[in-house]
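Everything below concerns the one structure shown next.
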Amino acid sequence: MDFELLLVILVDGLVYSSYLFLVAVGLTVIFGVQKVLNVTHGAFYAFGAYLTAYLIGLWAKGGLPDAGGFFLIFISAAILGVVLGVIIERGLLRFLYDRDEHIAVLATFAAFLVLEDVILLIWGTDPYLAFQPMSLLGSSEIAGLVFDNYSLTMIVLTFVVAFVLWYGLNRTQFGKILLAVIFDREVSMAMGINVTKVFLITFIIGTFLGALGGAYHAPIISVQPGIGVEVIVLAFAVVVIGGMGSIPGALIGAIVVGISRAAAVHLFPEVELFVIYGIMALVLIFRPEGLFAPIKARKI
Amino acid sequence: MNRLFDKTFWGLTIGLVGLLALNFFLEEWMRSIGLQSLSRGCVAIGLLILWRTGLVSFGHALFFGFGAYTVAMMQILGVNDLFVLLICGMATAGFLAFFLGFLLRKYRAIFFALLNMAFSMILYGVLAKAEWLGSTDGFGVKQVSFIGMTPADDMYRPLLFVCAAFFAYISAVGAHWYLKSTLGMMTMAVRENEIRVEYLGYSAEKAIHVKYVLSGLLAGVGGVIMAVTVGHVDPDSMVYWPVSGDFVFITILAGTGNVGATFIGALVYELLRTYAFEFAPHLWQLILGGSLLLIIMFLPDGLWSIRSELRNRRELRQAKRDSDNRAAEVRR
Amino acid sequence: MTRVLEVHDLEKNFGGVVAAHNINVAVEIGETIGIIGANGAGKTTFVNMVTGYLKPSSGRIEFMGKNVVGLQPRDVTKLGLCRSFQVPQVFLSESIFDNMMVAYGIAERSGLGLFAPLHTEERAAKVDAQLKRYQIDDYRDMAASALPQGVRKLLDIAMATVRNPKLVMLDEPTSGISVEEKFGLMDIIMQALREEETTVMFIEHDMEIVERFVDRVWAFYQGQVICDATTAEAMKDEKVREFVIGQEYHPAHVEGGVHA
Amino acid sequence: QTVKIGTPTFLTGAAAPAFGIPAKNGVELIVRGINNGELPAPYNTKGFAGRQVEALIYDEAGGGTKQVTEMRNKVQKDNVDAIIGIISSGTCAATTALSEELKVLTIQTVCGTTRVFEELNKDPKYVFRTINTATANNVSAARYIAAKMKGKVKGITGINQNYAWGQDSWRDFRLAMATLMPDVTATKKPQFPKIFSGQYGTEISALSRAKENLVHSSFWGGDLEAFIGQSSARGLFKRKLFVLTVGETVAYRLGKKFPQGIMVGTRGPYGMYVANDPSPINAWFQKEYRKAYGEPPSQPSYQYAQGYLAGKFAYDDAAKKAGKFPTTEQVIASLTGATFPSFVGNVTMGLSKGHQIVTDDRWGVTVWDDKKGEMVLEDVVIFPPGCVNPPNGVKSADWLKGGMKGAKC
Amino acid sequence: MLKVEGLDVNIGATPILRGVGIEVPSGTMCGLIGRNGAGKTTFLRAIMGALDAQNGQMEFDGTDLVAAAAHQRAHMGIGFMPEDRRLVPQLTSEENIMLPSWTTKIEKPQERLEWIYELMPEVQEFRSRGATELSGGQQKFVAFARALMVGTKLLMLDEPSEGIAPVFAQRMVEIMEGLKEAGESVLVAESNDKHIKNLLDRIFVIERGSIISGQDA
């Protein structure tokens, strides 16, 4: 096999992996802490994309420099993280922590349906385009092919996000406090941890990450109704492959899927559609809890 | 034996008789709503069995779709009798559940739910992609015969309704009896404590497997009814994940208290959707989602909890009356 | 053949922790064995291995002459080796009655019989009799989650014995039970089990209970059996005193029936 | 008394922006025109056969099976007199039998699958379609390439969405090319990404590396916009020739960002291809549409409006013949095989026993018009109906495989 | 120090505690003794804010506990050892012990840790072992130490000697003796007061959710 093709598969694969990771990581963070499989994640993604595209549109209309787009991406995600995060966590999730985990999934599914239509009410059905940041960065040539630099920055962003989260969870006190909260809320409270605050903060972080996924993709896609639905299923798959609640798991899962998919597209386009579910089924057969399974407490 | 013929059994039987009587008066669009409710109700019973075990499937559209597609494929092969189609649909869905069961019985909680979804998505992918399976367009389903009989045009759908009502009735009674059997009571046992089940000498996984196959069979029945009712099968409305979501929605709406309630839940869902669609053509998701949220928040055990709520209130009132009486007696 | 259980060279490690090392013990029919040992000595692990919940790193376990290593708990249970748990394993949201019904249903049925209705008059009568024997019939219709700890323990044990096992292993039957109740509870259990002629083995921290109900003692320390002797001998054993009982134990007080 | 018309179109989901909403706009405009008698002759009378038209627009999202239920509800519960609309081929395929069963006049307006009249409903009575099949679209694309790009095209490859529309489009195009340019090879590895995936980096790499130099795509809407954005950034349009069979759906919106020198199609005389056509009905439509919605009408607006024109023609004609408000049967009789005036000249229900329209099809290449500030087309070729459709009674697939015999070009 | 009056607590719809009132004066060791299911755990959990009080007052050091959020207890210097230990499995023993010091402003936590290790040298032995690698009894010691870390003013222990081998139980008592000498206020819930009887200054007997007697030992 020729070396160029391998290189192209690697680059394409990593770009797609970055996409998957950014889309999935917020989901895994929230699941890891709150034990809620948050379907509204898809709506966070959509909101992120819409707000960014909308703001970039306004920005461009105002004749401001294109570079501001990058600033808007992070601002949008941050605003949404706080606003949506607080609304959903305070308004919905906190009533569900004591209930069955399936109920929480369904409640967030319902909230997702509602949010989808809220997007429709705010932004209408017209698609939004915000290519400016992508055009700004130009392109480079790798292995005889042109790649846009914007997609390549996504790879960098992915590793930055993954590292920051991993460090935060494993090497900081906040991370260890989170572990305690994850394990047992009542005891955590008894140990002086403000669980309500911790939940709110993680949910805001998770929402921010979901919105960031959408915001960062806004410049390369057409932002239109329905983009959230596609994302949820993909994100679920990645998270399940990696082990639910595990950040390194989400990263490895995304990379495995991304590269396999790239190889499939180049070599056997027919199987592209099945790559992700095929990998998911395989992983689960051999490692039922995903690649990175959480530690369990003893039962008897 | 009269433990089998309990209140629920008679309730279901009365329901069946009522439906058959109603059949004479229904307008055609209502009959269609009824047929679809019966179909989705069957699937939801399957989910109820799993739910009582503490398992929720976000992918039962897989078996539903298998049942439905079996009808279409068998018709291509020239089989056209409803009863044969039903048996085939159940068989294919059941076999699929049987094989997948070997893997899925190892999973619990959210993993079970998601893995089911993954499998349904794989089937969705195959159907949407394979041209010989109709791709996204799917297949049309022709009118069926009933044990060789082909009724007159205006009798066709009423007769179909009668059959569907019977299938649903048998499914519901069967499921109800099953839930009362030793194996059925194990639903609760497995949900509550698998370690204890193992140490009582039965494999929790095996118990789950049986339930999984049953729920697959029931979803197959639902799929067959749906395919014949609608006259068309396609992947988007038969196996895509929101379809599975609808089934779970119905299960929540109805509550897991009683198999009969499931059909009421399915009917309510069907009406809700029809009217949401009519009155808010582009905001119907908001209405459906909003109702689901309200149910989860305020009727945690579904419609069935209205009943228990009423009963509680009655009992409270009764208790109050009793104590008042007693107080009165004492005073006297 | 009078041996119910024979264990040869049993070993078990969890990572670096040695939970069982070189365990060689045997139980005769009709005996009552008490397992004592400090926390973390490997008592529960031993029971877990014998009943198939954990697979030993190496070694052989023979129950009624049959090697049971590698069998699942359910298979071991069917052979007639049952157990109760340190933390009672019951169906929390169901009533005691239904707990027992299911237990009997599973024990008595197999194959297609499992599809027959669970509730039969006959079985209900049996359940009620068993509840009476364990003196928990007062709680018949209470959800297991609302039961006092002691009753829950009894239920756990009652559920463990529905198959009329040849050997039952009870993991700390009296832990979390108040002093006043302990003896009464053990009386109930032992009497019920003796009626069925069951061989009993239980883990216990309270030496007074051990003294009173047990023929032979195994003392565990760091995964090893440091003493396998009659109760009286074991209580005098140097190592047992050092690692398990401590200095507090004064037999004289027990005989007096009061404690300091 | 009114004539109630059920109109399914995508109000939610990803097909709404490119198809559903423009279609809905077209319907609202044409219904207004019809009800007020604003349209130029011969449609300058009010309503359908004198009765006001009431359009019940409903959502087409959710798959064919769901649409069967919705149509049944519209007919049996809301008592609509006819159905005019339908975008997705899946919906057309799913509902065609139902239309016959319910005996409801149904004019399908956008869907292109040949299966409707060639497999599912070979003897149609109540179902009509007022748009060319997808086959015509791809055949005319191939004819355009054969006519204009001989020697330039070395091989064809494709990127199409992985569902019936994309699969059919690629197959028809490949077959037509094989007949018209037999020495041009077709790839063995066409790309079929999942619909609505939005992220095409890998596919773009694969297409860039492909040795074939012409890319066929039936992408539409958001997928197409994303694909164009990503491909532009990666210089794909500089490397390859492109034929976008329904590219017009996004050309107006993208404006200058839409690449130039690309072949785009509209599946007939609609949208960009007729933007400057002076026929009175078309001029009215262009003017009023731009006035009402602030943008030019694209193909779905035209196609839905054309369905309503067919409806008006049939009702009016049947009323004239009957001397009173017509029955559905009479309306059907009037529409079957009819030739009626549409936006740019007459169109004919020429195929499938008079139930399937045949129109001309047009192809050209995009170029930016600075003066108008709009993308326009140059080098346009108009292919007459007989040139891109099979003769009456011949199945499209057989016709394509048999080398398109009997075509009248 | 801790003063509770007329406390009613329900779990779900079931009333569990009815009008419970106790007082733990500063520097004393009090016992809450009752059979299984009497409501000891419920009472302690209610004080910790894990269960809502239907009625009644709870006051600690002059602060109203009913109004305070659950996590505030630790900040006030109340340490709690739950009945079933509940150590965080991913953390080591020492991290488990240090956990409360990360969120509350304990002065010189390192010194306090040293003091705890002095009090219970056995815990120091497995300080770096993961919580899952400990047996039930070992975990109990760690949970005890963890409670001690925050419990600068009041320590509440739920059945410290349950399921503990006699050697360990003795150690537990010795440790508590040490605490008593150090002047800590302690509230111990036990169904079995055999080990600790001699240590207690005051004994409250609880039965079926009500205090039936409360007297100085």
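Chains here go by letter, A, B, C, D and E, matching the order in which they are written, and residues are numbered from 1 within each.
Quick note on the criterion: a residue touches a chain if its C-beta (ideal position, glycine included) is under 8 Å from a C-beta of that chain, and two chains touch if they have at least 3 such contacts.
Everything quoted here is computed from the prediction, not taken from an experiment.
Asker: If you average the CA coordinates per chain, which chain's centre is most distant from that of chain A?
Answerer: Between chain A and every other chain, the largest centroid distance is to C.
Asker: Where centres are the averaged C-alpha coordinates, which chain has the largest centre distance to chain B?
Answerer: The chain farthest from chain B, judged by C-alpha centres, is E.
Asker: With chain centres defined as C-alpha means, what is the inter-centre distance between chain A and chain D in Å?
Answerer: Computed from C-alpha means, the inter-chain centre distance equals 37 Å.
Asker: Report, in whole Å, the distance between the mean C-alpha point of chain B and the mean C-alpha point of chain D.
Answerer: Once rounded, the distance between the two centres reads 39 Å.
Asker: Rounded to a whole Å, what is the gap between the Cα centroids of chain B and chain C?
Answerer: The answer is 43 Å.
Asker: How many angstrom lie between the CA centroids of chain B and chain E, rounded to a whole number?
Answerer: For chain B versus chain E, the centre distance works out to 50 Å.
Asker: Listing for chain D: what residues touch at least two other chains?
Answerer: 11-12, 162, 192 - these are the residues of chain D that touch more than one other chain.
Asker: Which residues does chain C have that touch at least 2 chains other than itself?
Answerer: 44, 53, 85-87, 89
Asker: Can you list the residues of chain E that touch 2 or more other chains?
Answerer: If we look for residues of chain E contacting two or more partner chains, we find none.
Asker: Residues of chain B touching chain D in their complex?
Answerer: These residues of chain B touch chain D: 27-29, 32, 36, 128-129, 131, 135-138, 140, 142, 226, 230-238, 240, 274, 277-278, 281-282, 284-285.
Asker: Taking the touch rule as given, give the residues of chain A at its contact with chain B in the complex, in rising order.
Answerer: Interface residues on the chain A side: 37, 92, 95-96, 99, 101-103, 105-107, 109-114, 116-118, 120-121, 125, 229, 233, 236-237, 240, 244, 273-274, 277-278, 280-281, 284-285, 288-289, 299-300.
Asker: Which of the residues in chain E come into contact with chain A in the complex?
Answerer: Listed in rising order, the residues of chain E that touch chain A are 45, 48-50, 69-75, 80, 82, 86, 88-91, 95, 99-100, 102-104, 132, 146, 150.
Asker: For chain B, which residues count as touching chain C in their complex?
Answerer: 3-4, 177-178, 180-186, 188-189, 192-193, 195-203
Asker: What part of chain C is in contact with chain E in the complex they form?
Answerer: These residues of chain C touch chain E: 14-17, 36-41, 44, 86-87, 146-151, 172, 175-182, 205-207, 243-249, 259.
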